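Submitted below is the structure of interest, expressed as structure tokens.
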Amino acid sequence: MEHTYRLVIACPDRVGIVAKVSQFIAQHGGWVTDASYHADQDVGWFYMRNEIKADSIAMNLEEFKRAFQKIAEEFQMEWFINDSIVRKKVAILASHASHCLADLLHRWHAGDLFCDIPCVIANHENLREMVEWHDIPFHYVPFEKDKKKEAFAEVDKILENYATDTIVLARFMQILPSEICEKYSDRVINIHHSFLPSFIGANPYQKAYDRGVKLIGATCHFVTPNLDEGPIIEQDVVRVSHRHTKEDMVRLGKDVEKMVLARGVEAHLLDRVIVHGNKTIVLD
Amino acid sequence: MEHTYRLVIACPDRVGIVAKVSQFIAQHGGWVTDASYHADQDVGWFYMRNEIKADSIAMNLEEFKRAFQKIAEEFQMEWFINDSIVRKKVAILASHASHCLADLLHRWHAGDLFCDIPCVIANHENLREMVEWHDIPFHYVPFEKDKKKEAFAEVDKILENYATDTIVLARFMQILPSEICEKYSDRVINIHHSFLPSFIGANPYQKAYDRGVKLIGATCHFVTPNLDEGPIIEQDVVRVSHRHTKEDMVRLGKDVEKMVLARGVEAHLLDRVIVHGNKTIVLD
Amino acid sequence: MEHTYRLVIACPDRVGIVAKVSQFIAQHGGWVTDASYHADQDVGWFYMRNEIKADSIAMNLEEFKRAFQKIAEEFQMEWFINDSIVRKKVAILASHASHCLADLLHRWHAGDLFCDIPCVIANHENLREMVEWHDIPFHYVPFEKDKKKEAFAEVDKILENYATDTIVLARFMQILPSEICEKYSDRVINIHHSFLPSFIGANPYQKAYDRGVKLIGATCHFVTPNLDEGPIIEQDVVRVSHRHTKEDMVRLGKDVEKMVLARGVEAHLLDRVIVHGNKTIVLD
Amino acid sequence: MEHTYRLVIACPDRVGIVAKVSQFIAQHGGWVTDASYHADQDVGWFYMRNEIKADSIAMNLEEFKRAFQKIAEEFQMEWFINDSIVRKKVAILASHASHCLADLLHRWHAGDLFCDIPCVIANHENLREMVEWHDIPFHYVPFEKDKKKEAFAEVDKILENYATDTIVLARFMQILPSEICEKYSDRVINIHHSFLPSFIGANPYQKAYDRGVKLIGATCHFVTPNLDEGPIIEQDVVRVSHRHTKEDMVRLGKDVEKMVLARGVEAHLLDRVIVHGNKTIVLD
């Protein structure tokens, strides 16, 4: 993995943004290895992501930020610049099902998911061994019916302790309270086991089976206080037929879920995902 | 296209159905070139489709029907046998958009859609020339706001006149009255321009755009009195991104719509689709 | 369709290209509605495409070209700027099969393929009526075994007469002579009925059937003197199984062919395709 | 998982096979829960798979075999009947790459891959811990350049010791000697990291990158003495573009490889795959 700085910008669209930004980068010797832009004419908003070779630029990150601030203000930018070698701290919340967690852990273990995983929190004990084998702390937090508030308080504390940057819900079946959604706004990634907006809420495979659909899907999205209605990052589907029972759909769905979640998480880790309103711009 | 008889059966599941049916066919010398079976353990129902070489069997179709009736009664079968060289009469209803109609007409013209198209009925005039070039009668029936009932009465009469067997709604944007739905039960095929059950009703691409989905789709289904809720025959999707405007989605969606509709219609023409409850069994 | 200028550039990669180009555009008031960039570090080459609102820029196209020439030289650019409302002249060569031709003609007729189609040339007569119904001149050029050279001379002359810009081979089954390939370099688009590089040459479906593949495909590529080895623009596949005969594959393949060809042609018409070496960069 | 017997048959096609077989099953009270048939008219061969509820049938497996033998002889059948609760012994051969192995192990661990995995054999040590965490014996067999024959002799001995039924090559990069291919004929499953027959042999991603394809794929096939030319069980593809480096393709390809391999192995474990000539019939 090349050492780069990732400059990500969203601002009202107008003439001259790219010129100004790319001139700034060029002035400081910045070699852009990857750049994506998008102008959304409907909302009049502009998005860009520049990946700049770290050793090509004559400033450190703090100097860059200070120097760039003037341009940012001129164009009313929402922006950040990240160092590609600084790993995000991604806490994973799980429940009983193992497929998404196992897939993420293996990608991380194999070096294909560039982040730290400071901890896994689950409301079942069954995945402890798998997690600990990866040398990742496993926290069991039971979610009893009348003590969910307390449970989430504990989760919140654990997340704090690890200085968590991003939360991934790997088939965590509890509804996150608004406070956590807002605290980690645009940084809580969920995998929903349906092709949203179809089959919001519980038991989507049962609903898909009952409706007789010919494709089932999965949706990776940022979590907001509105259940299953946050900005969608990635979706995919797999073909089913009358031959498939509900159990077959659950089993086939696992593969789509884990792939879609991994792609969504990876895009986020690479700072490719910008949220605007209730949509994402995924700059490839 | 080989000359075959297609024997299609649905009945309560129990031991011995295949044995009885295949023995009957074998006794009469029937050479089965294609057979599909499905037992749905959830509803306890059994489905089968046998394609039998016409010249291998020592009876004509009427004799077959009479002889088979005893077995059918014993097993409480819903069943039929069709002659592959008898073309279904498929009337197409269209509106202003041409893509689905043009695709169906070309398939028919090229010999890839085995049916008769006795007429096209539309509530706009713009597709007349295209239809008439194919030597198919074109009927213009205007749908004025307060005269929809009269319009549908005229449509119904035209369909009757052509002894229509199957109705295909090729982006016909009017809601069919219950009487026609029921009269042509399981023989009215619609293409809905979304991945149902997402985005039921009008303007699905606008809704898909607003929701920020990453795949858009189309659904071919039998029409029932409940809008967009009939048994699904076929679905497919195409990938979209933040780069796509609503207009792009409409354009990209056209290709999915026409493909999904054609596949659904083809399956129906080949007597591959059985409806049970609100689902289809598509025996390939 | 918005009126824009499309500035397309390929040049050796170095620091400052985007800055220089976007500054030039901004200086002249150019409002960029769509921009894509790609730096290929393997070959050290940079590609960009800017779509600029025509009425935002204070120059006409000729003035732009003259003014931009200095930058182009400085960066050793291969480049052009096209006016989005100037339609490319796309001649279609066909043989006997109708599906690709019919699909292209319908897209054009429906306004979804922005180009002129000055003529269709075919070595069979059977598609004449379909072409002429669209008010497009149809030229029948027979290809007899020993007179192919003469036939291509005639084709070449017809293409010249219509000031053809782009040639689309819509299942034209003759091998284009090198002279025509070179004369229309990077402007002859073919659809090959396999997933290249599998099954180069004749009878790909037979070969796919014999090999027992589980997916069949189609490939849209620019034609070079090396048969089926030109730069690939677009590919897609469709699932097949043991149930499918070779004839089924031919039939299923038609749908993939027509879709892949249409997507390839559309990308070319929008000036999205850059050829470098034997590969394409398709800037979306 | 329901307890069933799986009766799998291949024989020359003629009238009356299904009748005879299904009558035999019905006579003994057999409740068929899943049945698939295929008649290949090109080669004149018939294939069938019946899944029969174990407790519905009044014989044990040995009695069934004896009783059925007469029918089998009459129709010159190649056939077998397997008990669904008898787990196949699947030895996995791996090298250095972990993705396919980790995916198979997790499926097995989660109960989604119904088999025993008596051992993993690898020519690198790096995957030992992962395998042993699953309580599966790990055998390291080094493959030195001039001692491959000895290495394979050792592999063969290990396979023997575990009474191996099926061998899965999970990105094992050595070419299996003919003797092992033949000894485990139609029971050695390989994953090749290209869409065969494209890019046979070493470095397929490099070749795909060099050719500029727009889709990369993976192929699961039975191994024969002819490298990468055995009967194909399953294939799939994933879209790539000019943005993807060779390294990206390797990374993206991992996901296709592991999915395609898992689907192929699962079909084999469920006795759904019949080999005829150099093709498979995968009875779903």
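Observations on the model:
Order as written gives the chain letters A, B, C and D; numbering starts at 1 within each chain.
What we mean here is this: contacts are C-beta pairs under 8 Å (C-beta built on N, C-alpha and C of every residue); 3 or more make two chains touch, one makes a residue touch a chain.
If you're wondering where the values come from, they're calculated on a predicted model, not measured in any experiment.
Repeated interface: B-D and one of A-D, C-D or A-C share more than half of their contact pairs by residue number, and that pair is A-C.
Greatest centre-to-centre distance from chain C is found for D, with centres as Cα means. As for how the two copies chain A and chain B face one another, over half of their interface residue numbers coincide. Each of A-C and B-C has its own count of C-beta contacts, and the greater count is at A-C. The distance from the centre of chain A to the centre of chain B, each centre being the mean of the chain's C-alpha atoms, comes to 41 Å. Taking each chain's centre as the average of its CA atoms, chain B and chain C sit 36 Å apart. Under the contact definition stated at the top, the residues of chain A that touch 2 or more other chains are 41, 243. By the touch criterion stated above, chain C contacts chain D in their complex at residues 38, 40-42, 195-199, 211-215, 217, 231-237, 241-243, 245, 278-282. Across the interface of their complex, chain D is touched by residues 15-16, 18-20, 22-23, 25-27, 29-37, 39, 41, 56 of chain B. Across the complex, chain D meets chain A through its residues 98-99, 102-103, 106, 109-110, 112, 133, 243, 251, 254-255, 259, 262, 284.
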